[in-house]
Each structure stands twice: as structure tokens, then as C-alpha cells.
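Shared chain: subunit A. Partners: subunit B in the first complex, subunit C in the second.
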Partner chain A sequence: MKTTTGAPVGDPAVGAPGAGPSPRRRLGLSEGALQTLLLFGFLVLVAAYFTSRDPDFLTSRNAVNILVNASVIGIVSLGQLFALVSGGFDLSVGGIVPLGGVGFALLVNADYGVLPAVVLVLAAGGVWGVVNGLLIAKARINPLIATLGTLSVTGGLALTLADGVQVPFVDVADGVLTRRQLFDVNNHVWIFLGLAVVVFLVLRYTSYGRQLYAVGGNKQAARLAGIRVDGVTVIVYVVSGALAALAGAVLASQLLTGSGTAGTNSGLQSITAVILGGAALSGGVGGVPGTVIGVLILGALANGMAILSVPSFYQTMATGAVLLVAVGISQFRSSRRAAS
Partner chain B sequence: MSLSTRFPAATAAAAAALLLLTACGGGSSGAAGPSGDAFKISFANFTEAAPLFRVIHTNLDDVISRGDSGLELKWYDNAGDAAKMSQNAQLMVQDQPDAIVVYPVSAATQGVSQILADGRIPCVSVNLDTEACDFLNIDNRALGEQTAEIIGRAAAERGWNASNTTVLIGQNAASGEQVNDCVRYFYSTIAPILGLEEVDPTTITPTTTTIGANAIQFEGASTLQPSFEAVTNLLPSIPAGNNIILYTVNNDSTTGALRALEDAGRGGDDVLLIGGLGGDETGITALREDPRWVAEGDIFVSWWGAYAAAMAKAVAEGAKPPADVTPLPQIVLDKTTVDEYHAPGSAAVSKLPPLVPDNEFLDQSGVLQYVRGVAGL
Partner chain C sequence: MDAGTPALSVDGLGKQYGRQRVLESVSFSLRRGEVAALLGENGAGKSTMAKVLAGAISPDHGTVAVDGRPVTFASPRSALLQGISFMPQELIYVPRLTVAENICLGRLPGRLGSTSPRAIRRRAQDEAQTFDLDLPLDRSMDSLPLAQQQQVEILKALARRSRILLLDEPTAALSSRDSDQLLQLTTTLAARGVAVLYISHRLDEVFRVCDTAHVLRNGRLVSSSPVRDTSPREVIEHMLGRPPEEIDFSSEARPQSRPVLELTGWHRDRIPALRDVSLVVGEGEIVGLYGVRGSGAETIAETLGGLHADVTGGTVVSGRPLRHLSTPLAAHRAGISYVPADRKSQGLVAILPIVQSLSLAVLRSLTRLGVVRRRREAAAAAGLAEQVQLRARSLTQPVGELSGGNQQKVLVGSRLAAKPKVLVLQEPTRGVDVGARLELHRLLRALADEGTGQLLVTSDVEEAVGLSDRLLVVRDGRIVHEITHPTHASQPEALQAAGGPE
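Here is the complex of A and B:
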């Protein structure tokens, strides 16, 4: 049986009985905070390494480049964080992102306006989230199978809506979601950072956030404690679906084109980022600071390797290696928690 | 669930699957009826789900319906899936047609080649080589070289050279060496025109990232988003103030890269020159309207089916292709020639290039005569 945790980020401090206070306890840090610090340290190390090899890496312009690329997957990862904390995961984002992108392009081309188009795309993503949530919570289908199914359906729907071709924006002014405005930084970067703050507050300071960690930590215990587990689960996938659809709209704005194939890898990428950020596949653990740093580490690795002219094959291998290390660490931590 | 309730359900499921398989099987079209003297071709298209490939089918149907071409087609859909391609190869051999045309979905065609070789039926492979078949393809090397000549001239007229120019080329490693010939020969041709470091094009491989001091190769995977991300990431490697020449394996990749350059403020009319490849609406429209887009490799994909059918018939009737690769129609357009081949204001093809010595034998089949607008036929 898994241990129940109600802590928003990581477990309560644990230590071997009789071993005296750990260095972490002496510093007054929770395990989650310490892990976030270590992750941040790793990000600094990555940045230091690439800067030592090429000073062009550490410029404000390149920092924006990293954020520009990372923000799309960052938005998806914030939704994926909900799913992983709940003890599931959401593969369907790989279909909802392109569906959101194509839908957004079609809507703005039909003169709906950017804001109504965003709202409609969010709603569509939310509807697919409801489908996922009901399949998982009510039909008791494993999240892997349920979201794999909706991944295929939504991915196929995106290609169908686009008729298999690209859907370019008729008016490039509709690309406002990614235009550079405030401080010469692209709008979607601010959207990502703003959403990160909102999700942080929701997970940290609302009863829904506490219920989510409880459900992810131990569903049975959460149910016995009076938490409406099914409702919490459905909301998880609604959030994930809506954010994936928003990421699709952002991606379409970035490319000034809706594409049925853009963003299809976002499922694996977002899971990698969230796991790297400290979430556990077993649920109940994970947080926004770690996820944001996880996204930035992946973005910095891709950017740095491109600047150092590392061939793309090796870049793919490096990303896979990072995922394996992150999952390995996650498993190690889960085993340690179970043992304690 | 008991066996008695499971059995009808399983039977119904099996029947439904059978019906579905039957419905998804090859469709047929032909002017000469189901038998008689018609020349029968089994044709496996890359996929019927995407308009780019679907039109290969519909345009060939249009050719057949236009007169007595004597062809009878049975269509198969490879659905972009290697397993389906292999299954279709077996079904086509089983059909025992007069000839087979296959548009492989990946460069891994050894298994399909074995099936077709065992079937001993004349066959034509389109775009990707299949050892057992004669090969019909565009000449990617020529596309790259001719595009480089046009862009090289335009760049040289502006005074671009090794001191102020970066060449960005976008590959798709997964497509194999032939497809990427266009970008590596693009560089090897443009380098001497602009005084850039000259290299043997065969040394430009999928793992090459920088070529001399003036060129960068990125992996764009022939699609928008990876190209956008790759170019965004390598922006710091392009010296500030340098002019940029952009060329990739297709217009999707070029569009993604272009968005990244524009997003970074590196896409001005005076500092960027682009060569497109595809001849699709994106490329033809940009060639007409975008001052930066100065060349477009036009490969007339929608007519590949007609050329493949013509070649299949010619080969089955004893013609020997004079070259290892029989060329498909292609031409590199510039702003002055685009309206010769595409109806003004439209991307619709109005004329196809004349046959060349290596594909002249296609006219013996009597099929291309039904394709409107092939110069000289």
C-alpha cells in the first residue's frame, strides 16, 4: 500500500529513525524544496557548461529563444502535472495540441477573432478532457489506454479538419498570441509564466489542490476521507485537455499556420519535463517550480546542443537519457518513501 | 460473460472487421471495363488520406477517363504504414496484373522488393527505390543545383559573399540520402558562386551541422514545428548582421524556418533569400508575392501517377529505361517563369515540362498523351 501524502510538493520530511536530523532538516527545507533547489542547481550547471563552450548561450536574446521554444511544451506540462500528481498521465495531449492548433487557425480564418477562438479552443480541449476523465474515473479504464485512444481520435480529427494539409493564417495579425510585446518578449512566454503562477496557487493553496495530492497519494484513503475522487480526476483531465488545446493555439500562432502534425510529440515531452521536475509516476508528488525548471532544462539542453552543433541524432539520445535518469531518480525516491 | 454470449459477439466483431477490410480494399477504375484487352495495373499509393497523395490517384483517374488510354487500375492504399505496404504488395502480386506501381512509405523496401521479385511482374517504384522495380523519381540533385544557381546569382548581385552571408540548409535525415541530395548539392553549387568554402557534397551527411564557416545544416524533419524549433535554437550561431540564404527539403520545413527567422527579426527583405521546393500553393504564391522567395523547385506531384502508369505500361511492353532513375517532370521556377507553368493567380498546373532523353520512352505507352499540357505531346 502506498503512503498517503497531503504535502503539495514532495513528501513531508522523512529521515531514518535514530539517525539524527538530516542536513535537509537542519536547513529547514522540505524534501520538495530541496529537490527544486537541486534541480535549479542542475539547470545552472547546464547553463554554465554551455556558456563555457560558447558565450553566445548566455545572452538575454538566447534566453528568450529558449523560453520561446520551451513555453509551448511548458503550457502542456502544467496540465500534465495535474495528471501525474493524480497518479495518471495524459497521452492525449499529443492529439489535442494539433487539434487545438488546427481549430484555432480555422476559427481565426473564419473571422471569429483571436479571443473567441481561444475560448472555443479551450472549451474543445476541456470537452476532450471530460471524455478522458469519464473514461478513467467512471469506466475505470487505465489512463494509458484511455488517453492513448483519445490521442488517436484527436490526432486523426486534427488531420481531418485540416484536410491533411497546413492551414495558414489568412491574416498574420492573428498571430498575436506569440507576438513580441512586453519587454520585447513573446506574449506566449508571459502566458506560460502567468499560468505557472496560477497553477502553483491552485495546487498549493486551494482545497482542490490538497485533494488532488491526496487522491494521487492514495485513492482509497482519499475516498474514505470523503474526497470525491471521480470529480477530482475528471477536473484533472479537463485542465490537461484545455491547456493542451491552448498550447496548440499558441503553436499555431507561432507558426502562423495550423498543422495536424505540429505538437504530436508533446505527450512524451511534457511527461519528461514533469518527471524531470520531480513528479513521481506513482502519483501524489510534484509541483510547479520543479516542472518549470524541468521544462527549462530540456529547452536549455536542446538550445545548447544546437549552438554547439551537436548532430540531431545525439540530441534525441540526450533527451532520452535525461528522461531515463529522471525516471530512475523518481523510482528511487518512491522506493525510499515506501521503505520509510 | 458466458461462451454463448461471447460467441455471437465475437462472430459479429469478426464479420464487421471483414466487412471493413473489404470496404478498405483496393478500388478500381478503368476505361476498358473489367476484362478484355485492358492493360491492368495495380497501384499502391503512399496514402489516400492526404490531399498531396490523394491527387495522384484522382488525376490518374482523370487521365483514364479522358479517352481510350487502355488502362485498368486497381488501387491500394499504403496508408503511410510499412506493414500495410508489405500486405498490399502481396495482394497486388496475387492480382496478377500486367504491371505494378508502388509508392513506398519508407526507404526500407527490401521486404517489399522480395515479394515483388518473387511475383515476377514488371513494377515501377515511385520516389523511393525498390530494388526489384524500375525507379521513377525526381532528380533532387538537379533541383538543388538549379535552385542554387538562381539564388547564387541574386545574392551575388547584392554583394553577398563569405564575409557577410550564412547559408541555412534544412535536411530530413529519415528520408534518406536521395531526398537530402537537394540540400547538399545546393550548398556545393552556391559555395563557389559566393566564394564560400567549397566541400565535396558527399561529405555532407545527416550528422553534419556546420559546413565551413558560412553554412549550417539543421534537422527540420520536413515539417513546420521541428524546423521552427531547430532554427530558433541555432539563431545565436548566425553572426549578427549576416545575410541569410535559406533552403530546405520542402516548403513546410522552409516555412517553419522562415517563421523562426522572422520572429527573431532576421527575415527582412534585404537580408534573406529563399529557395522553395515543392511547387505547392505555399511555394507558388510566395514566389509570386514574396520578394525574398526567388526560386521554387516545382515537382508536379499531382501528375506522378500518370507518369508512373505510363512507365509501368512501357516497361511491361518491353521498353528499357535508359537511366537507372527515370526522371519525373520537374523544373526550377523563378519569378519570370512561374506563370508559364501555373495559371496566373493560381497554383494550378497549366503546363508540364517537355520529356527529356531519359524519360522520352514514356510517350510510347500512349498514356501521357491524355495528360493535358505536357509540352510536345
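Here is the complex of A and C:
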């Protein structure tokens, strides 16, 4: 039975802060920081488990491995974070990642140069983002359905461009994003971490970030406060689309080929990572630190299972299970939020 | 009727959350056919009391007895089976089912799981006739206005032979005409032996229909007396724990001031329609706009907030004619700040901290190169919080954790941040307790004294006459009456003009 108020909060007018101080308040932590800490604890647990099964797990080489493999989904997840905070979804990343990969490979092979190719790929992803954004903000199509549609279109487009086959880089030694490394760590990792920092700053310190959380928290109230809700929403999907396309280019560089079938499950994985990182399906909640740890947990799980020679279809099942558990926890938290 | 045993008796009831005592040894009883009011400020324990009786939560101490038999409610369902029905503020029904189906829900006619629309309709019809209610039985529930939905819900309770009815602020969102109908129904039920516990903020209603008034303060029952032996003033005193202050905030005659808002010939064809609405709000003036639900008064407020693009007519703010007012952003840019009626769904983002809620509408002015200047923002928020006398643990607390009154203060504060030329307030104290209401009224008056012109759109006649310098009454989309310097004595005049009871 749903009633108007949950547990009485007491009357703040009399200065009663409700029930006794919670543990986190005594530690002086914000709720978000506490969640991130707990999540990090979980990551440590996962690492400890795999290390106990195979000491090779906890080596710096393997850590870099995990990071390199996670960087593709990491970049997609940073965009997905925008979508989930806004109260939406972006399933189309599962089509834009392969599209970005194939497009990047074709452009590099056509001698456009790496940097112009990256820019063009980013722009193409952004254009698909505009399509998503307009479908959702202007045509008022449910984000799930809108991006499901564009997922199919972009995925098909990737396969068409690749003509049903792979597009290997002609000159592997030259130009592909992997060539240079910094501190012995693959550039892909630096791209991911650099973007994570940028997104963190954007969400936390810019007025766009503020508006995004407000729109996700209560669209109508945000609109009445004079925020251009439609504009904010379109930008969400532009960012998500552009980052997904970039992730496609990174993935192609790792595989040394643009493939219309690589990265098709990045929708599921990125949503799992972001929700695992503390975002709420209802919008308005979520952040970069949690998302990054969520990505690393998924990466550690995949890597650990690979080391233990678990067949890859079990890994797919594990990702699905993690998603369901993460959503369950997220729903539990929002029902508690609603009750207090 | 057995006069000896009360229909409901509550003895020594206590409930504690953590270290906070929400209810402390509360005892009272309810006779059959009695309408008793449960009064108190927000947080006094009214809702907890209602939830205990409805079986939603179980008490730590004390007993509840129905017809003299002690009962324990394990769940809302068992409370229902004991004959207690609870009607919360936010109704719970199945929107897509018809009225008849909703009435019969849970006890459909027929057997072996088969039923027929005709049997359902017949049963609903019987129930409605028993209580002289005229309801559109074949329409879907969500197409009904709130007042009728409530009647359906009450009928549903009665159809289950409930002998005890708990009503939680049933008239909070009703127009005065609809409220009257509901109050009428309440007395009819009482006359048939139903015991009614009526939770309300509206003292005028309590004094019209209730036999007894129980007042809670900080979880304790501080007074219980027949209403004929007490007065609204005395009840307010019990609720507040101190004598009420003078609530008439309308100011003395004001010299003709410079107009800050002028509407000319506003017209709208869609329902609720507007017909040739013209009005002027002067600098430092509070102009009240009073009308029942659907009269068009709300539409005027919403249009000024940028929510209706289909209104035609002239709008001048501080001498500058506006070309359009079709989005909330356009309204903000024109210098109009709009405080919507529903703070939960339209006003505030519950999960945002207070600081960010206060700065939301003025982010642009607090931003340099896209980056929010946090120190400025914090300073601005602190200033606003003080101006509206916000009571909160800290300004980083999510605004959703605050009491209704404090949430409303944040909402008003967020609109003041823009230093508006004119402030449009829609139902600024709806669902707010007496103390916070007084503070909000004082705040609005102080703002007016500093020169902020205000258009106060309200369906609360007491507020309309108590706060306005000039009161305009809206009926069927037209301004039909004007009262300059309204006083409490103007209430009947305003009600009459709005089409309320004679």
C-alpha cells in the first residue's frame, strides 16, 4: 500500500534531525562517497578472490591488461552515464561502437590520417546522438525504444560499410592509436582515464552538469526553473554517441581491424557498469568515480574468468547476472530514498 | 446504538523511530456517529497515528480496540477486515478500470472467479443509491475529477461495511464547492452511524462538521474537547503551544504605485478558458486572485509561468511589452518568477542539495565559462536561506528531506534568487503547517514592503483575504469582482463572488 509519507522525518522546525545520526554521518562522508568506497571494497574482494585462485592475476602486467580491455567499455560507459543521469538510456551504443570501428578503419586505410579520422568518427557518433536526442526530446519517444531503433540502424550500417567482412588496417605499424605508449601503459587507457577526468569535472563543476542532474531528478521542475530541458537532453545523446564512436575506434585499434560485429554488446555492458557504479534508473543520480569502478569490476571479472579458463559464454551470463543484481540494489536504494 | 462501547478506542499509544518519539501515550476514543478531528502541525504525529490505525505500521506501546475488542493489525488488510478504512491524500485506485469496477474491487460479485460487467454495475449502483451518490459508474476512474474520485473511494470503503473511516486531509486539493460536498457526505455518514476521524489543516471545516477536536503536538495529545466548547484561536494555540499571532497581513492603503505587471485582454478558448482578463499589479503590491478550481485563476498563473502558449492578449512587465511568454525560460527572462502549486512534481528536484536547489533558476548568473562559481553560489544560497528563514540541518541536505513548509521556503527562495520584477505565487501554502504558513505569509508581506509586486493565486479564501492588498475574484474565466483592502470579514463576499456556497 502506498501512502503519502514514509517514516515521519520529525519536524525540522523544532530542530529534530529524525532518527539518530547514521554511521556515515559520524564518519563525515557523503552518501555518494560511501557508496563509492563500498564499491571499491567489492572490487578489492573480486581481485582478492581471483588472486587466491591464480597469483598471476595480481601482477602489474595483468592490471594493465585489465585496464586496456576495460578502456573500450569504460569510454562507452562515460557516455552512458550522461544518459542514465538524465533519466534515459542509450542502447544505440551497441551499434555506434562497431560503426565507429569500421568507419575508423576505412578512413585510416583511405589515408585520412589518424587524427582527422578520429575527429570524423567522433562527429559521426555525435550526429547519431543528435538523431537520438531529437527522437527523445522533440518527438517524445521513450529513450529505450528510440535508441533500440537507432541501435538496429547503426548496427546494420556498420555491417553494410564493412560489406559483411572485416576491415583490417592496411598498415598496422603506422598510425593506429596503439603506436605510442606513456609510462609503459597503452594509450587507450590514458584516453579512458583522461576522458573520465573531463567528464568528472563537467558533471561536478559546470552549469551543464548541474542542469543535467536537475533534469534527471525532475524534468518538470527543471523546465520551470528556466532550464532548456530539450537542449540538455540532446547534448546527453550527442556526448554518448560521440564517445561510443570513439570507443569503436579504440576497439578497432586493439583488434587491428574494423569489425561490424565487435562491440555489439556494449549497450548491456555499459549500462551494467554505470548502474553498478550507483546510478539510479529513475535518473538524477550517478557519478564518474562509481562508473569507473563499475567498469573495473566488470573488467576484473572478465579477465579473472579468462585466466581461470572459464568459457566466454559464462562471462556473458555473469555480466547479465551482475546487471540484474546491480539494478536490484539500485531499486532497493531508491525505494529507501522514497521512504525517508 | 450501544452508547457504552466506543467504536474505536486508543489507549496509551506510543511509537518511536530511533531516538525520536513520534507518538507518546496517546489515548482517545471515537463513538459511532461521531466526527472527530485530529489536528496538529506537520510532524505532530497525525500521519503516524493514521498509519497505526490503518494497519500500515504497528505501535510500540498501547492498544487499539474496535467495539471494545482489542485488536492488532498485522497489515492494512487486517485493519480493513476490522472495519477501518483509510483514505490517504494520494488516492490509491486502478486508473483504467471503471468507477463501478473500482467500487467492487476486492469483492467482485459472482462465483468461481467468474463475474460479469452487468453484475458489477448493478452492485455499484446499489451502493451508490444507498448513500445518495450520483457517480458516472461507466467512466474510467482516471477521467474523473479528484472530488469524484474521493467519493468513489469513500463509497468503496462503505461498500466493505467499514464502520470507521479515516480521512487524511481530504479537502487539501479541492475547491470550496467540492469541499462542501465532501463535508456534507461526512455528516451524512456520521448520521448513519459511521465513526469518522478527520485529519485536516483547515480549521473552518473542523468547526463546521466535527463534534470533537483532538490536538496533537510533538506526539502528545495536548487537548481533546467538543468543538462547541472551544474556538479556532484556542485550537491554534494548542497546536502551536503559544498564542497565535495576528494573521492579517494585508497592508494599509498604499499610494498608487508604478505598475510592474499589466495584463490586457487575456483570452483562451481551451478549457479552462479565459475571457478578456485584464489586471494590474503595482510595485510592492500583493494582488490576490481567488477562484475555485477550474475558474481560470490557475490558468492565469500558469500562463505567467510560461506553461500555456495558447493564451492571447497583452502582457507588460515593468513598462516593457512582452512579445511572447510561451516557455518558462521566456517568463524568467521577462522578470517573472513563478512559484508553481505543486512543489513536489513541478517545483523542486527532491534529490538536489538545498544549495543547488536555491541556485537552479539563476545558474547562468553564477557561471563563468560554463563553470559554476561555487563560492558565490554558496554565499547566495546562504543569503536566501536566511531571507526565507529556512530551518535545515545543513545547506547540503537534499531538499526532499525537509518538511513541507521548509521545502516551500526553498522553492520561494529559488524564485527570489532571480530578483524578479514580479512574483507569481500559486497556492504558496498548500499542505503547509500553520507555523510555516504564518512565516511564509510574513515573508511575502516583507517582500512586498521592499517593493516586489506579487500576484497571489489561491483557492484558500482565508489566505486570499488575509494577504492581499487587493483581491480579484475569478469565475468562469473572467474577473468578476474586486475587493480593495479585504479583511477577514470579506470572506463571505469573496466566496459568494467565486460561486461558492450562498
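Everything below uses one rule, namely that the second predicted complex is superposed on the first by the 313 of 340 C-alpha atoms of A that agree within 3 Å, B and C clash if a C-alpha of one lies under 4 Å from a C-alpha of the other, contacts with A are read in each partner's own complex, and residues count from 1 in each chain.
Just so we're on the same page, contacts are C-beta pairs under 8 Å (C-beta built on N, C-alpha and C of every residue); 3 or more make two chains touch, one makes a residue touch a chain.
Worth saying up front: this structure is predicted, and the values here are computed from it rather than measured.
Applying the stated contact rule after C-alpha superposition, one finds that A:Asp163 touches subunit B and leaves subunit C untouched. In the superposition on chain A, contact is made by A:Leu251 with subunit B only, not with subunit C. In the superposed model, A:Leu120 lies in contact with neither subunit B nor subunit C. Of the two partner chains, subunit C is the only one touched by A:Tyr205; subunit B is not.
Of the two partner chains placed around the shared chain by superposition, subunit B is the only one that A:Phe313 touches, whereas subunit C remains out of contact. In the superposition on chain A, no contact is made by A:Leu193 with either subunit B or subunit C.
By the touch criterion defined above, A:Asn62 reaches subunit B but does not reach subunit C.
Residue ranges of subunit B in contact with subunit A, taken from their complex: 49-52, 54, 173, 206-210, 216, 218-219, 223-225, 228-230, 232-237, 252, 255-256, 259, 263-264, 282.
Listed in rising order, the residues of subunit C touching subunit A in the complex are 17-20, 22, 41-45, 47-48, 51, 54, 56, 76, 88-90, 92, 168, 218, 305-307, 328-329, 331-333, 338, 340, 345-352, 356, 359-361, 363-364, 366-367, 370-372, 374, 391-393, 396, 400-403, 405-406, 414, 435-436. Residue ranges on subunit A touching subunit C, taken from their complex, read 1-5, 7-20, 30, 205-208, 210-211, 213-214, 217-218, 220-228, 284-285, 337, 340. For subunit A in complex with subunit B, the touching residues are 54, 56-57, 59, 61-62, 65, 68-69, 159, 163-166, 168, 178, 180, 186, 251, 254-257, 259, 261-263, 302-303, 306-307, 309-313.
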